[in-house]
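For reference, the structure is listed below as structure tokens.
Chain IDs A, B, C and D follow the sequence of writing; residue 1 opens each chain.
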Amino acid sequence: MGTSVDLSINLGGLKMKNPVTVGSGTFAYGQEYNSYFDVSRLGAVTTKSLSLQPRAGNNPPRLVETPAGMLNAIGLQNVGIDVYLKEKAPWLREHGCTIIGNIYGASPEEYAELAQRLEAEGAADAIEANLSCPNVHNAKTARGCTLVAQDPELVKAYTEAIRAATKLPLFIKLSPNVIDIAEPALAAEAAGADAISAINTITSMGINPETRKPILSNIVGGLSGPAIRPVAVKLVWDLSKVLKIPVLGMGGITNASDAMQFILAGATGVAIGSYTFRHPTAAMEVIDGLEDYCQRHDVAKITDLVGAMEV
Amino acid sequence: MPGIVTCEVKMHQEVSPGHYRLVVHSPQLAGEAQAGQFCMLEVQAGLFPFLRRPMCFERIFKDSVSILYKIEGEGTRLLSRLTQGQTISIQGPLGKPWPLDESIERHIFVAGGIGVAPFPALAEAMIAKLGKTPEVILAARTESMLLCEEEFHQMGCKVHLATDDGSAGEKAFASEVLTRLNPGTGTMVHCCGPMVMMKATHVACEALGIPCMTSLEAEMACGDGVCLGCVVESTIEIEAERMVRVCYDGPVFESTLINWAAY
Amino acid sequence: MGTSVDLSINLGGLKMKNPVTVGSGTFAYGQEYNSYFDVSRLGAVTTKSLSLQPRAGNNPPRLVETPAGMLNAIGLQNVGIDVYLKEKAPWLREHGCTIIGNIYGASPEEYAELAQRLEAEGAADAIEANLSCPNVHNAKTARGCTLVAQDPELVKAYTEAIRAATKLPLFIKLSPNVIDIAEPALAAEAAGADAISAINTITSMGINPETRKPILSNIVGGLSGPAIRPVAVKLVWDLSKVLKIPVLGMGGITNASDAMQFILAGATGVAIGSYTFRHPTAAMEVIDGLEDYCQRHDVAKITDLVGAMEV
Amino acid sequence: MPGIVTCEVKMHQEVSPGHYRLVVHSPQLAGEAQAGQFCMLEVQAGLFPFLRRPMCFERIFKDSVSILYKIEGEGTRLLSRLTQGQTISIQGPLGKPWPLDESIERHIFVAGGIGVAPFPALAEAMIAKLGKTPEVILAARTESMLLCEEEFHQMGCKVHLATDDGSAGEKAFASEVLTRLNPGTGTMVHCCGPMVMMKATHVACEALGIPCMTSLEAEMACGDGVCLGCVVESTIEIEAERMVRVCYDGPVFESTLINWAAY
């Protein structure tokens, strides 16, 4: 390749050497995929959602393939913050990875504690709060809402609590299951979030006609993969029109061309999720492809392309 | 170390109605794969099907591996169109192999239907590495679904047949045949087949007081232990997790590690 | 085939000989596909959305393929009610088709007039009001909403107006872009709707990275096809849990097995949309496949399977 | 009447870099298709790509048809893997054919790049049905992208070459070559190629006062006039609609019917 391209970004205070991270829950804690490529090449590794206690998750079956995508109801199975701090974070640090610590709690206080511990132990360089997991059922949620991320008031309260607990860059992860994603996003921004991650999976389900039973034991799950990419690009564009803070875009990215859709729509960073399951080196190829794209288009800095869609 | 390799198809043919054998050239897979491990096949290019399909190694040759599979749904149906000379992307080898335990005197395989797939490689490994020839119980719904009998005979294995309809061998469950073989101390059972069959075999082995290794199946996305989609409930905790991953902690598990209550 | 199966349904007063219709806008006015199969075999033909005046629709490009689906921004191009009454309805009648007349207006009054004219001229056997087209921008819409179907108050007002204008079975077509689809659905039911049609397309977009321009001239369009099926099944299930009136389910159906997912989730009728473009005889094969399914499962009446998912 | 046929691949080969010719057996398509019409190919089984790909008929034989195509993106790349003996689902024939006007004395084809694809069939039809041999202007970016020259020579057509880089024939635009051929009254131009080229040819024909038929392209979903996705803006109204459907009202349009301002 010819001239060098500056792929580095600053995502709400998190410096990344390139815009590419992975979707929480699609990369575990980084170790496994290191046999396919040097995971420290990623702009950042995003961890599986961490909770205070280890979680066993939902009963199987927990996943099913769908057209150009998949449905999962893992239920946030994770090793818990203690094991993460003891076994997972050290590995990521030894391997020189920048870490986005994704957290999940049952209350603002739990989120705050998780963020605080990750910062205290130097086990994350940024916090991504998963407020959009289909398992949070909070009595205070507004009528009809089942996710914190659907209710701007709750988003504000949760964000404020986490903000008070950490100085690390704070990303709030939102759900596509809303009428207007600007509302929770602006609430998060006002409450001190440094970036918005979008999107989490779309609430969905499947039924096995032969058994007449739901395919997932949890009945409902989240849809991800290329199937949802056009939905995600639209929501990232909606966000970029109203926010001052940057966006970490995700949803169905498979290659650099997909990633460019998100960047042009206004995402500063991008995350590769489910497609890694099909093609473990996808994130690597996106990094190389973005560099190639910039060279072909004579762009010196990837950040010049953020939101550069020509309407 | 798992990797992704693009392999040329050396042979692909229907071996019995709805069952195919695929042989692909890959010195890398052949060099690394161990009996009991599996791989993830990319059915065709493009985004449909979205996920790869898990398949174990039937046999591991010098520079190629073979896969024995049954048409189950759309993915395997599309896979069966692949022709000799075309290429296919394969991820592997993945998972934990069958244990090769030198202290065991008598090895018995219990294979149900397409569950026979991981056994030819295991028989070869036992003969080559342990100098032991396993006995094989081949069970299936009906005669045409009994696979690999010839292969096991060629390797010198004693083969016991059982069918649900009595069209070949005994009209009995594999676990019943197993019990009648009077396996005593020093015997290890290796089982792969439908969940109900593995459960019955596990129960039989418990009663007989002998160890039983089971090779499990589950829907998989990553095959690498990452997505946590393929879990089954365990009787113990691995890494503080009650759920074990078929792809990473298995697919071969000591049967006592699995909570069979759900099946 | 052995014993005969009763595939007939009553969809909010509309008698259909089988549960299968087509998605509005994916079958024009029925004529074109008659060269692939006898369109009168359908339980009903649903027309393209009809408006009072002919509409030219949006500028091209208006469609783009997506993974396992497609994105369209046709913009309701249609021949208008007059041409429909003069040229299209007579053809459908001559060919013995049951007709669901899908309508679109800029106000409750326009919808009412369309419904009234279709009934007066005997040019429809049921009315499906498309309240979920991404082109309605109504000043009275609640904050953040861009579709009538997102605002229960508006759904109520529109439904009441149409209800007052016609005695034909009235279906209200809803959007997936909501937090809780029960709200507009219950509003429609309370206002006199006879059935709910769900779902319309999901708001989405695509960008061509090479030109940096949106792929659709309208920028935003609607996502349809198998990609969205898991989302649609979930929403149909949500509806069936709260409604007394029946549901016409759609979204990504390709075959009888897909259709059965909708029926088991609670849909009385099903519509085949985009997949007809790929495979014009799809709807026919769904009818045959449903009959076959009932025979294999020893079910005498398809209606016995509505909502029969075993949780 | 359009239909769907499963056709066997009789021949499939790369004819120049990135360009393929596909010949499929289908007495039905061969019997019904007319020059200028097109079909929709199912690239591969399964849901990716989701839509069929529109391709016109290059030639129409006794019991087969040929298609000449260029690798444009993922769909055509996957299509190129199809091998002889495999089958492909084809929907067609679709759209309106080139008019065959007996009153025309001189026919000139203006073909840009892969836009040559619908012309061999048209030349054959004119020779067979009108007894007229057309002249052909073949234009392309560079020599290797000039297609079908040999075929036209064999049919006895006079061929004029033009390339953007001068690597073959004139270094000129096709519309300039056309004007220099001095087409007068009684001449009809048939044009297919990039939009800018067709626009230039339309403008040239307007200036020359001769009719010009253009074969348009657009993204298509249904190919049957149903989805209204493939429209272009027209100068007139068809069925009260200002937009005309490339798939149903075309793809062949009198150039004056199209509003070229957008291109």
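In this section, contacts are C-beta pairs under 8 Å (C-beta built on N, C-alpha and C of every residue); 3 or more make two chains touch, one makes a residue touch a chain.
Values in this document were obtained by computation on a predicted structure and should not be read as measured data.
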Sorted by label, the chains bordering both subunit A and subunit D are B, C
Subunit A and subunit C, separation of their C-alpha mean positions in angstrom | 34
So, in whole Å, the Cα centroid of subunit B is separated from that of subunit D by 53
Distance between the centres, which are taken as Cα means, of subunit B and subunit A, whole angstrom = 36
Could you please state the distance in Å, as a whole number, between where the Cα atoms of subunit B are centred and where those of subunit C are centred?
-> 46
Would you give the residues of subunit D that are in contact with at least 2 other chains, written as numbers and ranges?
-> 47-49
Could you tell me which residues belong to subunit C and also touch two or more other chains?
-> 66-69, 225-226
Chain contact topology (line, ring, star, complete or other) = complete
Enumerate the contact residues on subunit C facing subunit A in the complex.
-> 66-69, 71, 143-145, 150, 177-180, 182-183, 202-207, 209, 211-214, 219-220, 223, 225-231, 233-234, 237, 252, 257, 260-261, 264-265, 293, 308-311
Using the touch rule from the top, collect the residues of subunit A that touch subunit B in their complex.
-> 25-28, 32-33, 35-36, 48, 54, 56-57, 59-70, 72, 74, 77, 79-80, 83, 225-226, 254, 274, 276-281
Touching subunit A in the complex: which residues of subunit D?
-> 47-48
What part of subunit D is in contact with subunit B in the complex they form?
-> 44-49, 74, 78, 81, 83, 86
Report the residues of subunit B in contact with subunit A in the complex, numbered from low to high.
-> 1-4, 42, 47-52, 91, 218-219, 221-233, 239-243, 248, 262
